[in-house]
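What follows is a pair of complexes built around chain A, which joins chain B in one and chain C in the other.
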Partner chain A sequence: MAQASGNKGGRQDRGFAVALAAPAVLIMALFGLFPLLYSIVVSFQRLTLTASDTGFAGLANYVRLFEDGRFGLALAHTFAIAAVALPLQLGLGMALALHFLEDRPLKRLFVALLIIPTVVSPMVAGSMWRLMFDDRFGPINQMIGWLAGERVSILWAIDPRFAYPAIIICDVWQWTPFMFLILLAALSNVDHEQQEAAALDGASKWQIFCFVTLPAIMPIVSIALLIRSLDLLRIFDIVWQLTRGGPGTSTETISIYAYVRGFQEFDTSFVGALVVVLVIALSALLMAALRRLEVAR
Partner chain B sequence: MTTRRTTLAILGATILASLQPLPLFAEEDAAAKAVEAAKAFAGTTINVAEEAGLMAMLGINVTGPEWERLTGIKVKVSELPYEELFTKQLLEHKAGSGAYDVLTIGHSWVADLVLAGALEPLDPLIEKYGVKEEFDDIVPAFREGTMYQGATYALAVDGDVHVLYYRKDIFEDPAMQEAFKAKYGYDLAPPTDYGKFNEVCQFITDQTGGKVYGAGLINTGYQHFFFGERFRLYGGKYFDEASMKAQINSEAGVRAVQEMVDALKCQPPGAATWGFGESLSALNSGEIAMTITWPPVARWAQGINADEQALSWVPESTVVDKIGYALTPGGHPSLVPGIQLALSSDSKNKDAAYLYMQWLTSKTESLKNVMRPIGLRDPFRYSHFDSPEFQALWPTAPNYLSVLREGDEKGYADFAVLETYKYTDTLARAVIAAIGGKDPKAALDEAAAQWDAITKQVGVDRQREAYKAWASRPSAYRM
Partner chain C sequence: MRLRASIGAAGWYAATLCITVVFLFPVYWMFAVSLKTPREIFRSPPAWYPATPQFGNFWVLFRDGDVWTIWNSFVIAGTSTVIAMALGTLCAYSLVRFETGGKNLALWILSQRLLPPIAVVFPIFLVYARIGLTDTYTGLILLYTAFALPYVIWMMRGYIQEIPIELEEAAFIDGASRWQVLWIVVIPLAGSGLFATAVFAFIFSWNEFLFALVLTRTQVLTYPVQVSQYFGAQSTFWAKISALSVLGTVPVFLAVACFQRFLVRGISLGAVKG
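Let's look at the complex of A and B:
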């Protein structure tokens, strides 16, 4: 009787738990899973803005995707931006965090000022930097001109040699403070006794940083890197505002490529295939990263 | 006898009276007919999609309120950026929202919109309300743009054409003329081909030491328009009709792009990033001696209606009375994008919406609009070019109108096939990449490969039919 009562209680508990989780699961399924499933369905159709035939296309969109040189190039451009911007943001963020770890005059004011770029919308940041880089009215060329002693006309937005530096400068300006904030918080929580013990044992500042501080903050650094990596792999706003993916397609990232194909050319099924491929690739990458960081547990 | 004489006199008088010239019937006026017919729909509201900015301002501030005053029909204007006009209007149709009654479209979109069922055929409404004679007044290239497979789907409202603007004071300077002739062996004059354009441009830049640059062109945005003109001048064909392989990377294409790149040498530093606004600003400030752009620039450079609030963004002109007008080099300017009004098939107020379109595009109303400082409407009717009122607008207006008329008659129509926007976006990117430093041949080869992929996707046979229909228009290649 007591066992029966216990089973009944267990079932009630499970039912209650399911009832509690159901809304969240439903919302996840509706807003997270449904678009993905819909993209999968669309990717096997012939849906475009103008097409009247929207029937089954088999793997045609996937074949077109892998045959399209722009897809591979867009991936390469995205990884190139991430490969340069991420270490710069980490390095500068770390340097700033170490600097502001100690008490400095006007520390609070400087920290508040440093955070400003992060709260600006990337679209606004891109527009602002486009003006900064403007050949006629922008201060960047003017300042370089002062240093060079003659008028300088660098076409940041359309010269392929300068378009990437422009994008990376803007992204680093905007997101280094994010890295700085996270690292500052992590560094503030490092156990000082361990650092002091290492110092007493004769370790240099560099050795303390490498063998005590860094391992202590590594899980947080990893998470910060993961967040920024994912952001960089989806980079759109800054590049769109600065170069529109140009000149030509030379700075076209994967998000811009998807936007152009999806919302300018309305090649809907093709973009469906692109989304499916990207979700699979990024999920694999994310899972591998999480497993490596041992945070999936 | 008397009776007989009287009878003869009455008969003679009757015959004479019958020979008197009959009072002439007043010429039918499409605007007046539209207003009369529209009164039956008073109280309704029509939604008009317009290009954002000055185009829309005309509807919001002038023609919309005027139409409401005349007919009792309210006009609600929705502003859309030019880049989004096609897709947004087509998407609204796909969604069946009926958001717009009147659509603003370009020549190159007609086929796609008709095939998608977004446009209402206008011939029955023209038959019911229109004045067919008024269509004979429209320059043929703009009339062609409103048709698809023999049916009318739009009404011309704007005579888009590129014009070469040049500084008369520099071109007519005896010292400049003498030095130019000594160097090149021909007279300094508005260039008649793009080779000469680059020579004149370089000469002025060198001669003035950069105080005035030879030219400042639109080098970003709309590059498929500028490419299309040069490409066709050199005999280029967009496709090989048999295979439907793209031909934009042919010798004509590479020459066109190479000349555009070469022209940068004589333009101000940074001109490679210039769009419409920069080129207008440089012309008005006296920084450049030549540019190629759209007709409203003439009115702004002349300072017409400079006090108009809507034009406060236009830089003050320092070149009033100094600007001359000429056909673009080669003599076949681009008639792009050829803005026209169409009736949405989803409209619930088709008659009322059509009548507004008829009124706006009529002989009498359109003349008012092409003379207005806002609206960006350009002459597209012969009666516009001949209008004494327009010709009296500023001293050189007759010359301006004569150049526009010749350009409209000789110009190249915008490239228009199925899913044109995909082709032109790819092409424009390739040209901008070349302007940014990429090898023109390599840029065009890549674009041509993408064109072939698009053609394959659209369907080679379907696209061939669409291309042949477009290429058979007199204004496509001007053979």
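Let's look at the complex of A and C:
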């Protein structure tokens, strides 16, 4: 973007530009950079609720972190949720988007209704599904009972076998509409002439979708996937509300584990190391996401 | 041919209706529970609709004072959104027109948006505890402002980029100062994008849970934290959970209904123009 007025004294403009940006950048640095620096510093110390040993501890906390079985499990839990929920959201979202590609009266109304889950607070979404999944007073077991022909009482949030399905159903319910909306916009913007040309050349509907439509929407699909995977890797609210990481620690995600270690056990240095590792690990994904978003505009 | 077309249409509407019912059922259930009597809520098998809808559960929220948490959410999300919009729009203008900080600053700002909140909340909690900012409006408003800023800047950057620079140049030639150009040309032209961004920034803060869970105790509880606290060990207050969730969700529905046109762009961080 060219300077608005190169002839109006560059130094004055410079000052004006910095003055405009400074307050916002300062606040973000205060709340974004400071915690990171703090985490790096304490991760090399031995701080807990009771001990305030600020001596250099070397990599002790990092060793503890990697030897800690619960951390490995929390990683595994988080990836397991993401690995199942993300493809489901993408697949269902794509199916919905293709369904809604047809122009019909009232289509806009239905789209507006379908968006609702995505804008609800994740905390409220978790609460809704707690009501739905309740073993005695919720409608889910009742409906399964109709299909099974007998009364069922699945303890959704309590039985280890059903805690994951419960979390994943809730997350898929909330974020499929997100995928759907983005994919619908992407599909609607695809150039029809190419599709028609392919059809004239005798390509089947499936071939057109795979070789013309899909490549055209790929950049947007990958952005949606990146946004969602970053969200899923920090998943907290839904799990907290449905299972609190339980039963035991069987649905403990990275965010929940860090919360427990930080706010219930006050293992400051350990959490510091965890945060540093987490941020470094996410940075690669983050960089990819940022580049894509930058390219997209 | 016409018959086939109308069968196709009927099939489409039938499928659409099924999909919509499946997705909206949990929302319906929350509303239904909030209108049931306590006896109906704890009926097994469950009552599919409230026999005589009543607002007693909402009245209880007012009587017990739980409804204050909605007010707290409103004050915190509202104030932080206003501050973030003011500072963020100026910053975005600076990034677009003067390329302040180049590409790296813009990308750093976006990275602030995508980092996990759990990475920042613990150090902030320790500092807040030391300087007495936990459980205060000021503390939460500051944090939520910082949390909203990257989103506001990133979105406003996109909207400002779309304003033709010629308009600003014309204003300069007419003798307008830098501030005047900003007020008379840029802000009005970014108008609808500005409002949409503010609405979505507000909703994100309104819905936020983790920061509020960590940094509030009793004085400034926001509604999501209050809802989570009803899930106690001994008794679970279904009536209060559903009623407070409804109160917290209705404003979001209204806001999104008004700004649906901007929603795709708002949730895709500007990647899809919609």
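The working rule: the second predicted complex is superposed on the first by the 250 of 297 C-alpha atoms of A that agree within 3 Å, B and C clash if a C-alpha of one lies under 4 Å from a C-alpha of the other, contacts with A are read in each partner's own complex, and residues count from 1 in each chain.
Convention: a contact is a pair of C-beta atoms (placed from the backbone, for glycine too) under 8 Å apart; a residue touches a chain by one contact, two chains touch by 3 or more.
What you see is a predicted model, and the numbers here were worked out from it, not measured in a lab.
Once the two structures are superposed, chain B and chain C can be ranked by residues of chain A touched, with C on top. Contacts of A:D171 after superposition on the shared chain: neither chain B nor chain C is touched. Legend: residue contacts after superposition of the two complexes on their common chain; A:D68 is shown touching chain B, with no touch to chain C. In the superposed pair of complexes, A:D13 makes contact with chain C only, with no contact to chain B. After overlaying the two complexes on the shared chain, residue contacts for A:P247 are found with chain B alone; chain C is out of touch. In the superposed pair of complexes, A:F263 makes contact with chain B and with chain C alike.
In the superposed model, A:T50 makes contact with chain B only, not with chain C. When both complexes are overlaid on chain A, the residue A:D159 reaches chain B alone and has no touch with chain C. The contact surfaces that chain B and chain C form on chain A in the two complexes overlap at residues 136, 263.
By the touch rule above, chain B contacts chain A in their complex via residues 83, 87, 90-91, 94, 112, 115-116, 220, 269-270, 272-273, 278, 418-419, 421-422, 425, 429-430, 432-438, 443, 446, 449-450, 453, 457.
Interface of chain C with chain A (complex): residues 9, 12-13, 15-16, 19-20, 23-27, 29-30, 33, 41-46, 48, 87-88, 90-91, 93-101, 103, 105-107, 109-112, 114-127, 142-143, 145-147, 149-150, 153, 158, 161, 165, 168-169, 172, 178, 181, 203, 206-210, 214, 224, 227-228, 231, 238, 241-242, 245, 248-249, 252-253, 256-257, 260, 263-264, 267-272, 274.
On chain A, the positions that touch chain B within their shared complex are 48-50, 52, 64, 67-70, 134-136, 151, 153, 155, 157-161, 246-250, 260, 263-267. Contact residues on chain A toward chain C in their complex (touch as defined above): 1-5, 8, 13-14, 16-18, 20-21, 23-25, 27-28, 30-32, 34-36, 38-39, 96, 99-100, 102, 104, 110, 112-125, 127-132, 136-139, 142, 145, 173, 176-178, 181-182, 185-186, 220, 223-224, 227, 230, 233-234, 236-237, 240-241, 254-255, 258-259, 262-263, 268, 271-272, 275, 278-279, 282, 286, 289-290, 292-294, 296-297.
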